[in-house]
Amino acid sequence: MTLYDLANPTRFLKLVKVVLPWLIVATVAALAVGLYFAFFVAPEDYQQGQTVRIMFVHVPSAQLALMCYAMMALSSVGSLVWKHPLADVSAKAAAPLGAAFTFLALFSGAVWGKPMWGTFWVWDARLTSFLVLLIMYLGIIALWKAIEDPIKAAKVNAIITLVGVINVVIIKFSVEWWNTLHQPPSIIRSGGPAIHSSILIPLGLMALAFVLLFVTLHLMSMRNEIMRRRIRAMRMRAASAAPAASSSTITKAAPAGAR
Amino acid sequence: MDFSEFGRHAEYVVAAYAMAAVVIGALIIWVRTDKTRLEKELQALEASGIRRRSTRRAGPSVSQATSVPANKKNEK
Amino acid sequence: MSWMKSLFVREYQLANRVGGGALIGVLFFLAVVTIFPFGVGPDMILLSRIGAAILWIGALLATLLGLDRLFQADREDGSLELLVMSGRSLELVVLIKCAAHWAATGLPLVLATPVLSLFVGLDFQSIVLVTLTLLVGAPALTLVGAVGAGVTVSMRRGGVLLSILVIPLAVPILIFGVSAATAGAIDSNNFLVPFLFLCALTLFGLVVGPLAAAAALRVSGE
Amino acid sequence: MVVSGAMNQLKLVCQGVACDRGGRRVLNHVDLEVGSGEALIVQGPNGVGKSSLLRVIAGLVATAKGSITLEGGMAERSVAEQSHYFGHLDALKPLQTVLENLSFWRSFFEPADFGDGKVRESMSELEALDTLGIAHTASLPAGYLSAGQRRRLSVARLLVVPRPIWLLDEPTSALDKASEEVLLGLIADHIHAGGLVVAATHLPLNLPNTKFLNLSPVTTESEHMFAGDDLDDYFDEPEQDED
């Protein structure tokens, strides 16, 4: 089952139909176990108290936001270079999910920082780069909506996503540099307080649960996108089918014009 | 571990998980409603008789262009 | 070689002619800079602290404003098709168009900067630094904006979407530009670091801009 | 400016050309051949893909399948670089004068030879404007010209840079009788000089030694639209539960 075999949408849909139930079960199970560990097993942090539990939402969604953008970049290469047909579909299906998880990462980050800084929003290096990432996601979604023809929209989005990928790295660096210029390094370093194994396990479980959730939602959203394209194609055929029928009567009179 | 000794910042933890639930819930609902709406539309289109290509698979695609030899009088 | 010169001359002439976009960029820059004190208040000490940022943000918006017509005018009158099919390297054509756009709108912004920095109470050294950083940084804005212009060329109201797509790409340019302009005031060694990053971003834009914009134009040509 | 030189054999060949636009298959299995000194008139109902065929040859639209080659042409240059595309839009800048417009295109486009290895000496701007009878407007901004004059100025672009293939999309549309005569005369000259012409039109064009190509609407779906070439139909449910 090479990647190209997956190119056939019908085979892809069959695969999705088989895999999806298992994925849903796995996601629910992982979430349940993760939440249990997050709330009942992980110890209270001596310094931050209960708020450290927010990390189990913040860190997985932040990782997912970046992973989703990387996946979109890969799909962009797939659609531009290998012209893999489902790459466009996967890139378009992933954009809203990426935006949602970036927003979740931003919100949980702000809420996590509130007890420490006293305000919801702080121009902390990581939060700022996620804010810029969110603007990029929303720009890409707007670009998808702005172009009607799916083939052209896919190529144009692939270009912007690839240019964006280089920029995410530069932004991360420049924001961190800019941040140290204006402010002492904030408490939430990416590692946070030294990761103690009792926190690591719930974190890993929640991260796994979030990834499974993402894959499930992404497959379902790709299925929707394939259906959307089918509808568009059938509507176009309905439009082009009508005159053809009538014009065939006209050409009957003409000698040549074999169909 | 019950909720009473959740400490002074309980509302923030609750807020974060609540928002997570809201966002994930919204995504799930969005995907499901999209699916049903699209399926209904697909059914409607198929019901309206737009035959799909494979049911009337034509022979090898007929050459679309027929050249008429040079200097023929240009009759339409 | 002469085709490049004739393309540059044509683009530059068109931008400077009555209908062109050259002057409007500078006027918009003036309008943006003068509006800040009405909001922030006439307190010169405060204004001078954020003066470099006001000028940079004004220049950024003025550049983006002029960019959506970079390719759209050619597309509407049909010459974009001829440029694409002419066999000349489209990346070079895009680079020359960006150079002409920068010369017509970017350069006047840089020339207007010393005058406008008086409004925000910058001292002499800051004026020199802001002008220098804009001189080096503005091309990067044009080149990155060209990618947005190429992507939105086939849309009617592409200008707004262009800004949304390009502003995140321009964040690093703004960060290093402003920090180079303000860092210089304290001591020279932390001027050089951001300034060199700014130059690096411009060179980077020189490569990525034309490549991505040309690819986008080819796609929208179909 | 008729060059009498030996009629060397250039041949534009399209084999099995197919192309998609806007997600629809507009051209499928088009084969055609045009030799030096010949004109091909592409006819067919509207929307059947006449202008798409010209745009594919001009390299503005990528081909989904098939190949387009110019036998005897300059090997290192693509077909597009050896052809002129004359579409509905005039590609003129109203702010620039007529002369500036024309001299820009003259220096921008690279001339190509007619298969005999040597590039023909290109006509000067004023000479071209004179042939088209709009020499008096040379210093006026193009915006001041009438539609017919603008069309003639657009034709001048084809004269100032000699290239063998002329791709004309509805050349005589929006032209008054006089301009039409001038244009047909110039096209005839181009053919006699050993050039090739592919014109898409539904109005009759009387040109020397013309061939006709009737395009009929495409029936096959575009497999390319969503998938690689060897894919079965994108719209189908799996085969077994076929109704």
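Letters are used for the chains, namely A, B, C and D, taken in the order the chains are written, and counting of residues starts over at 1 for each.
Criterion: contacts are C-beta pairs under 8 Å (C-beta built on N, C-alpha and C of every residue); 3 or more make two chains touch, one makes a residue touch a chain.
A quick note: this is a predicted structure, and the numbers were derived from the prediction, not measured.
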Original post:
Which chain's C-alpha centroid is most distant from that of chain A?
Top reply: D
**OP:** Report which of A-D and A-B is connected by more C-beta pairs in contact.
**Re:** A-B
**OP:** Quick one: report the Å distance separating chain B from chain C, using the average Cα coordinate of each chain.
**Re:** 39
Subject >> Between chain D and chain A, distance of the C-alpha-averaged centres to the nearest whole Å >> reply: 44
Original post:
Per the centroid of Cα atoms for each chain, what is the distance between chain A and chain B, given in Å?
Top reply: 16
Original post:
Which whole number of Å gives the spacing of the CA centres of chain C and chain D?
Top reply: 37
Subject >> Contacts with two or more other chains, residues of chain C listed in rising order >> reply: 222
Subject >> Contacts with two or more other chains, residues of chain A listed in rising order >> reply: 152, 230, 234, 237, 256-259
Original post:
For chain D, which residues are shared contacts with two or more other chains?
Top reply: 214, 216, 219, 221, 232, 235-236
**OP:** Within their complex, state which residues of chain A touch chain D.
**Re:** 4, 7-10, 14, 83, 85, 149-152, 229-230, 232-234, 236-237, 240, 243-244, 247, 251, 256-259
Subject >> Interface residues, chain A side, partner chain C - complex >> reply: 80, 132-133, 135-136, 138-139, 142-143, 146-147, 152, 155-156, 159-160, 162-164, 166-167, 170-171, 173-175, 177-178, 181
Original post:
Can you list the chain A residues touching chain B in their complex?
Top reply: 39-40, 44, 48-51, 53-54, 57-58, 61, 96-97, 100-101, 103-104, 107-108, 111-112, 114-115, 213, 217, 220-221, 223-224, 227-228, 230-231, 234-235, 237-238, 241, 254, 256-259
Original post:
So in the complex, which bits of chain D are touching chain A?
Top reply: 20, 22-24, 45, 47, 214, 216-217, 219, 221, 225-228, 231-232, 234-238
Original post:
If you look only at chain C, which of its residues touch chain D in the complex?
Top reply: 2-3, 6-7, 10, 13-14, 17-20, 76-79, 81-88, 221-222
